[in-house]
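Take a look at this one; I'll ask things after.
Think of it as A, B, C and D in the order they're written, each chain with its own count starting at 1.
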Amino acid sequence: LAIVLGANAYGKAECRVVRIVRNGARHEIRDRNVSTSLHGDFAAAHIEGDQARVLPTDTQKNTVYAFAKDLPEAEPEELALALARHFVTAVAPVAGARVAVEEYAWDRATVGGAPHDHTFLRRGQEVRTTHVTVDDRGGEWVVSGFDGLVLLKSTGSEFRGFLEDGYTTLQPTDDRIMATSLDVRWRHLTATAWASSYDGIRTLLVERYAEVHSRALQQTLWEMGRAVLEQHEDVAEIRLSAPNRHHFVVDLAPFGRDNANEVFFAADRPYGLICATVRRDDVPCAEIAWDAWPPRAAGGSPDGR
Amino acid sequence: LAIVLGANAYGKAECRVVRIVRNGARHEIRDRNVSTSLHGDFAAAHIEGDQARVLPTDTQKNTVYAFAKDLPEAEPEELALALARHFVTAVAPVAGARVAVEEYAWDRATVGGAPHDHTFLRRGQEVRTTHVTVDDRGGEWVVSGFDGLVLLKSTGSEFRGFLEDGYTTLQPTDDRIMATSLDVRWRHLTATAWASSYDGIRTLLVERYAEVHSRALQQTLWEMGRAVLEQHEDVAEIRLSAPNRHHFVVDLAPFGRDNANEVFFAADRPYGLICATVRRDDVPCAEIAWDAWPPRAAGGSPDGR
Amino acid sequence: LAIVLGANAYGKAECRVVRIVRNGARHEIRDRNVSTSLHGDFAAAHIEGDQARVLPTDTQKNTVYAFAKDLPEAEPEELALALARHFVTAVAPVAGARVAVEEYAWDRATVGGAPHDHTFLRRGQEVRTTHVTVDDRGGEWVVSGFDGLVLLKSTGSEFRGFLEDGYTTLQPTDDRIMATSLDVRWRHLTATAWASSYDGIRTLLVERYAEVHSRALQQTLWEMGRAVLEQHEDVAEIRLSAPNRHHFVVDLAPFGRDNANEVFFAADRPYGLICATVRRDDVPCAEIAWDAWPPRAAGGSPDGR
Amino acid sequence: LAIVLGANAYGKAECRVVRIVRNGARHEIRDRNVSTSLHGDFAAAHIEGDQARVLPTDTQKNTVYAFAKDLPEAEPEELALALARHFVTAVAPVAGARVAVEEYAWDRATVGGAPHDHTFLRRGQEVRTTHVTVDDRGGEWVVSGFDGLVLLKSTGSEFRGFLEDGYTTLQPTDDRIMATSLDVRWRHLTATAWASSYDGIRTLLVERYAEVHSRALQQTLWEMGRAVLEQHEDVAEIRLSAPNRHHFVVDLAPFGRDNANEVFFAADRPYGLICATVRRDDVPCAEIAWDAWPPRAAGGSPDGR
């Protein structure tokens, strides 16, 4: 019974690169976390310990920094494509490359009412993401998205008429808080104006979250995804992952107070987790493109903290 | 040789309370994390296991939720004062109470260009903080502040002329990135318009960070603190804690590229840590008021993750 | 151009359940984090907001707690199988269920040299994992594993003879620290004695990590995986994900000291990330079984901290 | 009204240093996180931006690595004392130095039933801590301790007879789970055999936690602290901080099952937080020594994650 090497990949995860564009006194900042992953014929490295075909992960890191220098104006998608194409083209043993970019947003500081030339404040918690896959047969997949957009609506959400069984104790409600921390990915069919596409899709998702009277989180996700596909022809499919951050109405009756959806306990765990894909009927799925493979480990801290 | 009970306190940490103010269709949201801590004569609870003088932490939690109901418009400082005064006044064994409030900011979602009535987005990473101490002899201390305001300036910062010894290898520089994640606390001498005071101090701190040409982070902190005390007479002292988030210029020479402060590696650890207090000459320090004692534990996750 | 609902699933994530087995004075503890995920025909919930086929995630949580009561001696694999079979069998709209269990290990406290009856200490950082998938056509997949086994060898590891290009600056080494935080998953072909199987595989992985003179992390992973498949016939394939936690030799020459692999800087980021699968030649891959889908969100803290 | 510089300090936080002691084939590992903090006359650095008296934090980092080389066998207390004395003695402007060490424990890997020479597994979650303060008037304070020792007893704990007011809803109980994640610090009056002292105190604390029938967490902390002071004459005082990690009995009655303290929900937040000091009657408190000042920031990740 033969034992064989299966799927494998390797790369450098979490290269933290800050690019300052110094066009005169007014600087721009690009703050990114870049991860690379290569696959190809690396059997000898595994089975014989022969590194002759292995480009070190340290070299991949150097390449990330050199490309950041060369491409000062690149959107994350462009930087990721340039890097992935380079590895597939210039490094013989590489059959495919995946590059993931997280981008952290900064606002200009306001000083005396005006935006400052070279001082910036980190904006928000959400992270813009890009996952690009390039193979040596001409395939290219670009997935854009974000992680951690935290949304809450204080009304306009209900949950009732659900299936019940012997383990059901939940009461139906026609007015509740609906809150989530959205992770979204969408796959592009063609190149586009990446920055304005990103801004447009993010705005649309927020608007639909606000406007749809929600009979369940599932319905809201569907309406959000559908709107994106209707208005963005270059998007083949979109995936939404939404933890349901439960806000429970606190019982104040023992203390002689009513509570008409005014005071809530925001719970940590457990939480509902709702995931949905919205896609075009005539476009095949592309599993390869959704995430850089292998998934990144949980963090770089050697202390486990 | 007698062994005795020393300083002690107990309370409920991290009551997560979301308060929705429903004045008609346009809702307001107050999202807070409230911790209480009581001290007094609790020797019997420790030494004899007698709980007769111990108000359960569960009761303290209930009180937080009830007060959140009663005080819909309260600023964090007002909520904390009300709770602390209650515990000192209404619970006989309590000689002192400290209440800490973290407030998480939300922006209204923009829908069709207009702010939405009941949908909100979490803003930023920074957390507004309040630490209030009240004792049964009429003492009240209010400390306002924030944690995690992340700032970066891409020029206007130098570090040279420093002391050198046999372990020094650092090269002086006259142009570097200066970045930090500011934690700041300031102590009020009197009550004030808490919300506008907070906004004014935060704006001033950002402006001074931007405008001061920095010869060291120490100098910048001093100038930031001094400006606050000059413009806010009700502030007795201010404490700033600033990790120096090092951004190292990447050497691109091996790859045939120069790097004139354009491409940086953002390092995680170690980091410099600079702390400074700026205070009025004629105002005594008040150690008691700076933080809720005891310090909060590292987090509520029972898995240690 | 039709827009359609694609893959979707929903469930309750991170039900923290502690099960105490009280057989007389000597208690046992089972400390787990259980996540459920259901898929099936939930189109109406998305497209029409009709919940008639949706079993609430709250009900799924209740079911987890009830099964924890009923199955005091169950290994994580058995608990997950029981839950997944229940959802597929008893809930009509459910076509497939995935259940993930994380198990946290506790040791008995030692008191006077003897193990204590009812006091326990959390052991280690690593987490035992189970991912079970059951569908309504009789398919069952069981994946066991662990996350976060932190290993370090201070010698017996080299890295040289690697591919070089114009971005390569790394020097080869024949003696380095090799450290990682292992995440491993293995898929069973048949039911087995889950607890002893887990212990045996974990021991074998540690032994091979220690004993293999490593010419690269790839080689070590291959040897670890191969050993498991050779000795455990019920294992179809094994996947190893290993961040390379770099330990850099500190240059002490400027301070008049040599450093023969004695003093290291343990870096946080970036890190190499090496992933490999070892499998049997004649066993088809089973993508469905490797992880509960959808992936869990990054954590339950509503503050994003 | 004069505005003046108040308390200030600066240093290098979280120098991650791994020291391998290579006495022949059998290696030892010392894995530490060292933070330094200096205070003295640094007014010119703040007010004039003059760095002439400022030893860079980069130099402090270098010193940590050099001392790690020189002191291969040092316990954390000894390393911290050596560093703090050096800064006070050798760097003229320094009036006081505080050094904090976190130590991460590793076990030898077991291979073929025997401990391996050079392969190690990270043990547990708890972190051994040391905080040392040295001033230029001959003062030296040594505080030892640990963070994150997670303990649970499944019986032998009650909570009843407590004070009730109008906000009290808690029911008394005579049998509950008591769980915590202990942070403990103790101050030494004299030098001692640091390693065996640490082991002895940790063992004693665990034993008392197990053996004391607890009428409240306060009582357990008192008994733990008292035992340490009775058996360790060199300990002047001990501080214990114990979050009460609530485990709630799940109501299984709706599903036709009883639950005699068998199935618990382990809650995240809020949690009780109990802190107590036990000290000798005739020993003055020493506020200076308990923690390195300034407190460390929340972490080194520039992404705020």
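Quick note on the criterion: a residue touches a chain if its C-beta (ideal position, glycine included) is under 8 Å from a C-beta of that chain, and two chains touch if they have at least 3 such contacts.
Given the structure is predicted, the values throughout are model-derived calculations rather than measurements.
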Contact-richer chain pair (by C-beta pairs counted) among B-C and B-D: B-D
Distance-maximising chain from subunit D - centres being C-alpha averages: A
Rounded Å distance, subunit B centre to subunit C centre (Cα mean): 36
Rounded Å distance, subunit A centre to subunit B centre (Cα mean): 29
Mean-CA-position distance for subunit D and subunit B (Å): 22
Residues within subunit B bordering two or more other chains: 16, 62, 66, 122, 125, 150, 167, 169, 254-255, 266-269, 300-302, 304
Subunit A residues touching subunit D - in the complex, by the definition given at the top: 16, 33, 102, 104, 122, 125, 127, 166-167, 169, 254-255, 268-269, 299, 302-305
Complex contact set, residues of subunit B against subunit A: 16-22, 27, 29, 31, 62, 65-66, 68-70, 72, 106, 109-112, 116, 118-125, 149-156, 177, 203, 206-207, 209-211, 247, 250, 252, 254-255, 257, 259-268, 300-301
Footprint of subunit A on subunit C - complex, ascending: 1-16, 35, 37, 42, 45-59, 61-63, 66, 90-91, 93, 125, 147-148, 150, 159-165, 167-170, 179, 181, 183, 214-216, 218-219, 221-222, 226, 229-230, 237, 239, 241, 243-245, 266-282, 285, 293-298, 300-302, 304
